[in-house]
């Protein structure tokens, strides 16, 4: 976080594997349309259950990116 | 909330009639430019008062939509 | 919310009919002794239950009014 | 809330009609298995969207009931 | 989260391995007595330390299940 | 809080005497039907007033117990 | 909390003796000018320290009273 | 904060100049009708925008004053 | 806040001078691409430190603007 | 709270007797190594249960002390 | 915030002049005994009032510094 | 959490690998200077992004240790 101006958006990633992977998925998707992503913060960690097991994890992130 | 990736935005709708209607107004407006809206969450319920009566309700929503 | 100075008070309204009506009841009561009510914000929504049904809704509001 | 001891549970009701109706639905369901329900508090108000419209409202309640 | 009515309970799972595993443990245990578990939300992540190392992770979850 | 799995419930105790006593009352009542209570956390402290005096204290607790 | 309309105010009581006593002090003072006090909720518990000991406890309360 | 009993009110001040000035404005106004103001706490900092510039800052304060 | 529909975004401004200036910087930047900005709310105030001094303030704002 | 600069630390005291006593225990311990303790604030009140009874109360405090 | 490990402490600075100055005061004091301060976050903004005017501002900060 | 008195500190660990690893890193570092660490609680999970990927995770912990 240096002297730039940032915009902050919220994005939700999901993964059958892990919380960490759901974060990677969300950031990979955001980086397809937004350059200069700089930091994230976990807002909420949820998930779906099917047949008594975690079906997938869902992690909501705030993601900050630099405005030129 | 299935396996997709979501973007979450905040929008404020208002209505002279009711809290429910302010939610309908906000979602109708958001759906004009965003397809694939999937869920909402009420963040804040406020309103304006004039002449000792509710002039209109204002409801702030988080709205999630699917990123392809 | 323009350039005025506001005082903010908390008031609880109740209604057998609906959440919206409990808000109308609270503001109608406040306007009997306070002029220049300008806005409200819902702080809490509760209610009483009797015989397995909602007996009445109780909505706690912050209400702002202009100080001359 | 008098001198009794209460247990507090969380329940989510849903309705295509309104927030108020989702609360009625949740309490009606809870009262099928629990007698002596006494009060509720709204914890969260969410909903699903389909085709750009509210499909149904979902309201999460804390519900208190008397332990004998 | 479709049109059903849910009950929400809190459960704490622990694991020596990871946060993800503590979630799996909690849900596996809950599914032994409750059918129709549908979603979870992480409320709190804590743990115990012994000899300067994480002894086990403890994750508190809200878990929602369908009421018939 | 060792390696066990816990269920967490909410219970409200009341006492005319003190906050501490309202906690004792809540836990004594919970222990009549639940074995293996292990910890509690105070969520909310309220009370009723009559004739300008505290009529009774009401303390809401989260209570954790071991699942076998 | 029955069908009445309430006003809610905040008041801070202090006592050298105990938290409970600081609550009694605050409510006794409020009842000197306000009739029909009905309930309170503890918002914050603080205190002052002198010579390594608690000098007095300070408890901030929300207090609700009936509006006729 | 010594041994006195306090009442706490909320007030909103605004200023075209700065956050600090909005606080001064709020307290100057409160002191016109209330003697013995002792402390304040910032609850919320907002403002209005016109023509792409801050039109005025609005600061909501809790203000405590001694009850005799 | 009148009867319009608003979109709310988050933006972070920074300034070596002051908190107020960081707010001005954020809003000036947002107004370059968004017309009809109407209000802001401070979400978080942070900053960087170098050589034992504040290097710059960083203020996170929610900013609301009218949707036509 | 006068013009001094404070450091704020967190400490957890426990007592078999009461919440008040757990606060006294925490402050007595802190005062053994820190002079100039000035105020405290209760952050969390928890406790352990054994054989269906409160085994001890645990109170987490923020404690402020003057830096010379 | 790079790859280092940080310790986070809380400190309260005060100033008769402004909120910004109270932050400068707190950080200048912390830097007398702690090297490698890197960032701060405002936790709470309060102040004292005397004779109907702000006597001084008090700002509570979380301050992070690098552990070697 | 038994009958001891605890001090609670905040520490931030980081890891390129995972959230779990950032926790291990923070606790390993804290145990170099503090004996008798007993528990931790996750306060915040953040991270840095470079070239559209997570560069490292940063986890802020409260860590409790026994005071003799």
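Each chain carries a letter (A, B, C, D, E, F, G, H, I, J, K and L) given by its place in the written order, and its residues are counted from 1.
As a convention for this text, a contact is a pair of C-beta atoms (placed from the backbone, for glycine too) under 8 Å apart; a residue touches a chain by one contact, two chains touch by 3 or more.
Keep in mind the model is a prediction, meaning the values are calculated, not measured.
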item	value
Interface sides of chain F and chain J: same vs different residues, half threshold	different
Cα superposition of chain A on its sequence copy chain L - rotation in ° rounded to nearest 5	120
Furthest chain, CA centroid comparison against chain H	E
Intercentroid distance (Cα basis), chain L paired with chain K, Å	23
Approximate Å spacing (C-alpha centroids) for the pair chain D, chain L	38
Length of the line joining the C-alpha centres of chain B and chain J, rounded to whole Å	44
In chain I, residues with contacts to at least two other chains	1, 9, 19-20, 39, 46, 48
List of chain J residues in touch with chain L within their complex	9-14, 16, 25-26, 29, 46, 48, 56, 58, 60
Residue ranges of chain H in contact with chain K within the complex	19-20, 23-24, 27-28, 30-31, 37-42, 63
In the complex, chain H residues that touch chain I	18-20, 44-49, 52-54, 57
List of chain C residues in touch with chain H within their complex	1-9, 62, 64, 67
